[in-house]
Amino acid sequence: MTHLTDSPIDARALVAQVMRRSDGAYVLFEGVIRNHHDGRAVESIFYDAYRPMAEKEIARIIDDVAREFPHAAIAVVHRLGLLHVGDSSIAIVCSSPHRGESFGACRALIDRIKQTVPIWKKEKGPDGEEWVGWQK
Amino acid sequence: MTHLTDSPIDARALVAQVMRRSDGAYVLFEGVIRNHHDGRAVESIFYDAYRPMAEKEIARIIDDVAREFPHAAIAVVHRLGLLHVGDSSIAIVCSSPHRGESFGACRALIDRIKQTVPIWKKEKGPDGEEWVGWQK
Amino acid sequence: MRRVKVRLLCFAVLRDITGRAETELELADGTRARDVWQSLRAQHGQLAAYELPPMTAINESYASPDQLLRDGDELAFIPPVAGG
Amino acid sequence: MRRVKVRLLCFAVLRDITGRAETELELADGTRARDVWQSLRAQHGQLAAYELPPMTAINESYASPDQLLRDGDELAFIPPVAGG
């Protein structure tokens, strides 16, 4: 169980990891550092995590989603550390015999991972840096 | 405008083609030859198309979806010819500043492409071959 | 009576059934796409179950089977599609 | 009165504010997670706006801030998460 990495994400390897000969579709989602947020320019994002808990929380979410989409195979990797515009922060791959489960499982995973997994980001732009979501 | 190919699909190149620095997400969908269909074993699929019309029809669908998801960037490639289990027949990439449009556009594209684009498949398995969808 | 020349394209199962990818037709002026389908049905028993063509395309766009054919038209009957 | 030893972990903005990633606490038996939060608030004005911790984790699982702390517990207050 290692859903966290400090290295660039190899999405193609994730796809190869999940695909079975009975799968007719896969959906790959990647979250990517973009050059703006809430109207401010963004240059880089530093990702911090409560690592052992984040691992467990991602595994728990995968278990839940796998129960809801029982024919889907799932892989999730979140990158931590300092990322720049264009870098991928997360990759999620879901494969299934029919496409509906791939789409449904992939969307459910990213939505839930964003809600509860203890990962944080500090955005840095020309106007300074701040922890996203923290109201000063 | 060339949404059809006779060669293996390079999904990574498609992703690179659509991504903009303002995009925070992309969704890649690939349809893959699976080893079964309607309870029968499948070994290979031959894809035929009315090529110039298929090109136009895919372009028309992309235009429609781009209007519905105005912040999405879109790429679609469908492969034709003889494909085997594990080969990708279609790749669709949608990127956008926020993930909702990437998921929405990608799902709409594959659903509509399957409905109206003049592409056909002949499935081959141990029990013979047949054109999918044709009631003898 | 005036005649119109129409190019008939057959794909997938229809090419297998008719044995031809492409046929040049000379038709009476006033012929509709559905009339061409009926003559195909008359020639090929395997099409008997399809009273109407699954879908019709004229000049690379979907069209009504009732559309009048004009000289130079490219006509194709579209079996159930299965892309993706 | 009995004392319990608790390890307090601070991440992200909380680490910046407290200046420490990890603190060993010796607490009176009967202390709840929310009591630890109140003492952090008392020490750091930047936490004044947060009467309750955003979220609380005990031993790597989400927990109620009212949970009693036991000897050996690992306690973390979870600022608003922003993964993905």
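In order of appearance the chains are A, B, C and D, and numbering begins at 1 in each one.
Note that a residue touches a chain if its C-beta (ideal position, glycine included) is under 8 Å from a C-beta of that chain, and two chains touch if they have at least 3 such contacts.
Every value quoted in this text rests on a predicted model; they were computed, and no experiment measured them.
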Number of hops, chain A to chain D, where each hop joins two touching chains: 1
Mean-CA-position distance for chain C and chain A (Å): 50
Interchain centroid distance [CA atoms averaged], chain B/chain C, Å: 27
Rounded Å distance between chain C and chain D, as computed from the means of their C-alpha atoms: 75
Where chain A and chain B are represented by their mean Cα positions, the distance between them in whole Å: 24
Where chain C touches two or more other chains, by residue: none
Chain B residues counted as touching two or more neighbouring chains: 31, 110
Chain pairs that touch, as defined at the top of this document: A-B, A-D, B-C
Interfacial residue positions of chain A with respect to chain B in the complex: 12, 19, 21-36, 85-86, 95, 97, 99, 102-103, 106-107, 110
Chain A-facing residues of chain D, complex: 9, 11-13, 15-16, 46, 49, 57, 60-62, 76, 78-84
Chain D-touching residues of chain A, taken from the complex the two chains share: 31, 47-50, 52-54, 56, 78, 89-90, 110, 113-122, 131-136
